[in-house]
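Sharing a structure below in structure tokens format, with a few things to ask.
When the chains are written out, they are named A, B, C and D in that same order, and each has its own residue count from 1.
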Amino acid sequence: MPEETIATFTVRSLRILDERGKADEALMPPLSEADIRQMYELLVLTRTYDERALALQREGRIGTYPPVKGQEAVQVGSACALFPTDWVVPSFREMGVHFTLGYPLDLMFRYWAGDERGLVTPANLNILPICVSVGTHIPHAVGIAMAAKYRRDPVAVVAYFGDGATSKGDFHEGFNMAGVFQLPVVFICQNNQWAISIPLKGQTASRTLAQKAIAYGFDGVQVDGNDVFAVYRATKDAVEKARSGGGPTFIECLTYRVADHTTSDDASRYRSPEEVAAWREKDPILRLERYMSGRGLWDEGYGAEVKRKATRAVDEAVKAMESAAPPEPGEMFEHVSATLGQRQEKQRFVDHPPAPS
Amino acid sequence: MPQLNMVQAINLALREEMERDDRVVLLGEDVGKDGGVFRVTEGLFDRFGAERLIDTPLSESAIVGAAVGMAVYGLLPVAEIQFMGFVYSAFDQIFAHAARLRSRSRSRFTVPLVVRAPYGGGIKAPELHEESTEAFFCHMPGVKVVIPSGPYVAKGLLVSAIRDPDPVIFLEPTRLYRLIKEEVPEGEYAVPLGKARIVREGSKVTVVAWGSMLERVMKAVEGYDAEVIDPLTLSPFDWETLLASVRETGRLVIVHEAQFTGGFGAEIAATVAQEAILYLRAPVVRVASPDVHVPLAKLVEHYLPSVERIRGTVDEVMKY
Amino acid sequence: MPQLNMVQAINLALREEMERDDRVVLLGEDVGKDGGVFRVTEGLFDRFGAERLIDTPLSESAIVGAAVGMAVYGLLPVAEIQFMGFVYSAFDQIFAHAARLRSRSRSRFTVPLVVRAPYGGGIKAPELHEESTEAFFCHMPGVKVVIPSGPYVAKGLLVSAIRDPDPVIFLEPTRLYRLIKEEVPEGEYAVPLGKARIVREGSKVTVVAWGSMLERVMKAVEGYDAEVIDPLTLSPFDWETLLASVRETGRLVIVHEAQFTGGFGAEIAATVAQEAILYLRAPVVRVASPDVHVPLAKLVEHYLPSVERIRGTVDEVMKY
Amino acid sequence: MPEETIATFTVRSLRILDERGKADEALMPPLSEADIRQMYELLVLTRTYDERALALQREGRIGTYPPVKGQEAVQVGSACALFPTDWVVPSFREMGVHFTLGYPLDLMFRYWAGDERGLVTPANLNILPICVSVGTHIPHAVGIAMAAKYRRDPVAVVAYFGDGATSKGDFHEGFNMAGVFQLPVVFICQNNQWAISIPLKGQTASRTLAQKAIAYGFDGVQVDGNDVFAVYRATKDAVEKARSGGGPTFIECLTYRVADHTTSDDASRYRSPEEVAAWREKDPILRLERYMSGRGLWDEGYGAEVKRKATRAVDEAVKAMESAAPPEPGEMFEHVSATLGQRQEKQRFVDHPPAPS
């Protein structure tokens, strides 16, 4: 000492694809044309699902729904970097992650329609159930990473959450523990600028969210979240680091929630149409289309074909959802514990007998 | 007199208390500019500004914890937890702090705090949006628990809660928010805490129910000579009113939407069974939700006590 | 057979389970190198190393939350909360997550987790070190609540808790940690969860008590023809054993050190009063602590049910 | 972007008095000789109380007690910078703060002897009750600061806590809220290197604790906590900033818990005698004595006199504690709520009648 600077920290940011669709080739990750096409198709699938979900909600065919629109690149880009053995701990607005990993669309519809059987993750996927309680799932990712490390399994655990989640105590306790134990976990924040009506500056006085990692002794990076390549690359670097024992990484993805918070919300009450319009310009799908079209990978015909395919998949999922038998009342007793107590048995069979059909 | 629903009645209570006393401030997620996800605080931001309608970060524990500090300093904070299912991370602040600061400081510091939360099922919302765990808070010395069942009492009780010198958990039955309209006078009237309301007089069976179950009970008892009691305050409970009624009728049915085991119905049944045993003509019976998690939309109505199930139980009890 | 106190018995259970199954890992504050503030994990760090005796940061919510994740991955974590009074900040993780993950995932993911915590009063410790709020956890579907009352059952119950496929809250009565020694066999034996124990047979009055109250009850009933039942598991409760006893004796006294209102005694009284009403010769009576915060050392013995108060109540009930 | 550094942060540290008692005059705050003597006397008083409390505990005359030894300078130095109108939100190991502000020694003894009447803060002091629940009091300081700001009262609110507390969710939620609302609050961490048996590196991977402020958008500074002048100066700067609307500050004070965690603990189980010995060398009182002696403000005679005075004060406090009437059983009903419920009334007068005397 006496009065001196004892530590200096920096926060980096990454963008590969600019808003006009120009890529920085030096930073471009190795992706084949087929890879890029697949990313594009997943982006379109996610958006198509999302638009349909909104329509279904308006018709009363599913319940409250939180739209993804505008955030597809974060979800598809990051999920493309994962191995099937990796673990995913989602919040509630990552349908693009689910679909990229192969989660059935109809299951997802069933969940949003109020049927918990929609949350039975297929056996080949390690995706925890959707968690609506903001930020409280972060410690689960940390615990999974502790267990994987204990087992010496070379897997990465990825937790997704929003900017609002960074204010929760569990964000802090989880991040801190991940730092202490140098765990194979990647924290991906979809900083979509809003937590319902609270803008980022009402959420934290921190200049970036990425810098919050400084408090925990690991790396934080800010990424353009509407740039599917940047998100892919940052995630890939982080999961590889995690799998090889390099510890945690925090990735802040700058993006925007173009639609309302959920179908119960009216965002026009708290934000200006100009702000939304400016972000619409930065649409992640549009940007990739521009890039692909520059490389001759995209034209109107191909775009239309992709959209058709996505629409077909969504159509089928809606059909599957609506033809699924509704749950039996007894279903609510099925998964409380491995075995029911005496009293629950009685509640099930005496107080709540199967409805006469 | 204006016909208001419960959202409007609560809004009016908040507005009038804020006008009356500048110590009253509101804080929570989206309570300000947005007016609250149920619009309970609509218009108050424009009227009172960001200093008194405080949009907080997404931090339930600090919302309650900061409100404790504000109360200690002499304000009368009304903290909103957006849904009861998110109050669990503020549990420590409520129970280890709000409830005990008076005791720990031997009344040097007090916590005149209201924690409001929408609660209860039947609105087809996502998980954790339909909780009814009022029993937790009834096992906390130092905390009052208040549950209105309609617009008129909601306004009067909230006024009393804000003026109460100690922490009050104020649970608003979400299903009723817009279901019922009543005449709700502007201006001062307070419904006292700790005092039950006899909603319907009767002489053959007493039915006690609170929150959104009351509405179902009223339908279920049609045709019975039933006295219906709405406790309004669960803690401290108005034992006198309930015991007097049961000593008359000799029968008690308790209805709540919380899970059966360990619900507040247990406390009522235990107390009545002990203190009115010589008057009871039938066992005290509870109608409650089963001991499972609140299901999502497709099953929630199988979970909540239905009018039929309540009526069936009343009927059985009448047969003794 | 070795005579062990409860600390040693729990230590032995942990050691044997860890030897038997490498999925068992322990985590919490000071559980590792220090061996725990009550020495419950003494020696285990040297035996199993830092990978399986995990000293965590001071983060109760993340201790439970991380344990949930470990359990999901296939481990059998035993999380320690240093005192029950600090579990409230982990309430959300226990109730919104550990309790529900099986349900939310329709059993795709399960949470075989034990949360251990020293609990109960009478050790003259600072505030929040003498809590007994087991009733909260008994109102949580999906969670089991286990309370041993001596070394032998402590070991057997903990083994069962660790092997249970679902979350178990395991509350260790601090006052008993070193008070009683018993023969505790090494090696496998399990005391099953959900099964009460008749500690003393009798025919004129049933007394039910758990944790450290049991020891007082045994003194208090000397000279009475009393049957004493120790539930061991509060949730799910062994109603059969209790009801069978009360149908015999016709009288029930419930003793717990938790505050009276909303304590688990209410559930027991309510259930018995309903289901055994025709057998009851006297009202079901609860002996509990008053509805105030646990006082510090100078008054805590006035707060906790004393042998005299329990005996007085048994005596009164016998007069019916 | 593309890949660039978007933010840089530094952490400063402050020391004025070195271990041999040499002061950096350029950094020295304006303190009269009387001020310095008063600081010294308060340090000695705190230590004298502390030693007596340990002795009383061994004799069973008070209960579990958490020794302050080694941390006196943080407490006295910071509290000397406060105005009587400021608010203090303590944890459980800040007896030096209490005594500096004038909290009666006998009250403090009564508290540690298990009598809650020891927590009745005198009317002229704004000190919240001791809080043993680690870190959970931090949001209260934030709320008090919100209220003070609302009232436009130019007061500072000071919260004290340990290194262990920085891992709690409430630390994070409170700090974040303080940043968002730019509140007049000063967070003082006594980083005494240990949280019971957990050393700092088991608590967090953060290089310093001070840098955690970066996550919340306000200043963090690391101070030599065994240097009473540095602590005083850092606190004074921070409370002045707070009172004049400059927002929050986080002060990490490097110090050491020389004794056991509490009288129930045995620190030799988890740390080496060498480590403890090294820190004993850095004793804050010794250091100030060296400085004062260099300025002719201290000699053995003065030192002995100060010790005698402190001992007298502590003797009297012990007497006062032990001659205080024990609480009546009814006392436990007195402060649960403003008025008791019907049932509590019955519990008080029927179930728990006043003990026959």
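The definition used in the following text is that a residue touches a chain if its C-beta (ideal position, glycine included) is under 8 Å from a C-beta of that chain, and two chains touch if they have at least 3 such contacts.
Remember, predicted model here, so these are calculated numbers, not experimental data.
Counting C-beta pairs in contact across A-B and across A-C gives the higher total for A-C. If you average the Cα atoms of chain A and of chain D, the two centres end up 43 Å apart.
For this pair, chain B with chain C, the centres built from the Cα atoms lie 30 Å apart. For this pair, chain A with chain B, the centres built from the Cα atoms lie 36 Å apart.
Taking each chain's centre as the mean of its C-alpha atoms, chain A lies 40 Å from chain C. For chain D, residues that reach two or more other chains under the stated contact definition are 116, 133, 136, 167-170, 173, 176, 180, 202-204, 336, 341, 343-344.
Residue positions of chain C touching 2 or more other chains, listed in rising order: 57, 59, 61-62, 85, 89, 92, 96, 103-104, 127-128, 141-142, 235, 237, 261, 291-293.
If the chains shown are joined wherever they touch, the resulting network links each chain directly to all the rest.
Across the interface of their complex, chain A is touched by residues 25, 51-52, 54, 56-57, 59, 61-62, 64-75, 77, 89, 92-93, 96-97, 101-110, 141-142, 144, 164-166, 194, 235-237, 239-240 of chain C.
Interface of chain B with chain A (complex): residues 29-30, 32-35, 37, 55, 57-62, 85-86, 89, 124-129, 260-261, 290-293, 295-300, 302-303, 309. Interface residues of chain B facing chain C in the complex, by the touch rule stated above, are 61, 85, 88-89, 91-92, 95-96, 99-100, 103-104, 127-128, 133, 135-136, 138-139, 141-142, 235, 237, 258-259, 261-271, 273-275, 277, 280, 283-286, 291-293. Contact residues on chain A toward chain B in their complex (touch as defined above): 63-64, 92, 111, 113-116, 132-136, 164-165, 167-170, 195-198, 202-204, 264-265, 269-270, 326-327, 329, 331-333, 336, 341, 343-344, 347-348, 351-352, 355. Per the touch definition, chain A reaches chain D in the complex via residues 1-16, 24, 27, 167-173, 176, 179-180, 182, 201-208, 211-212, 214-218, 222, 224.
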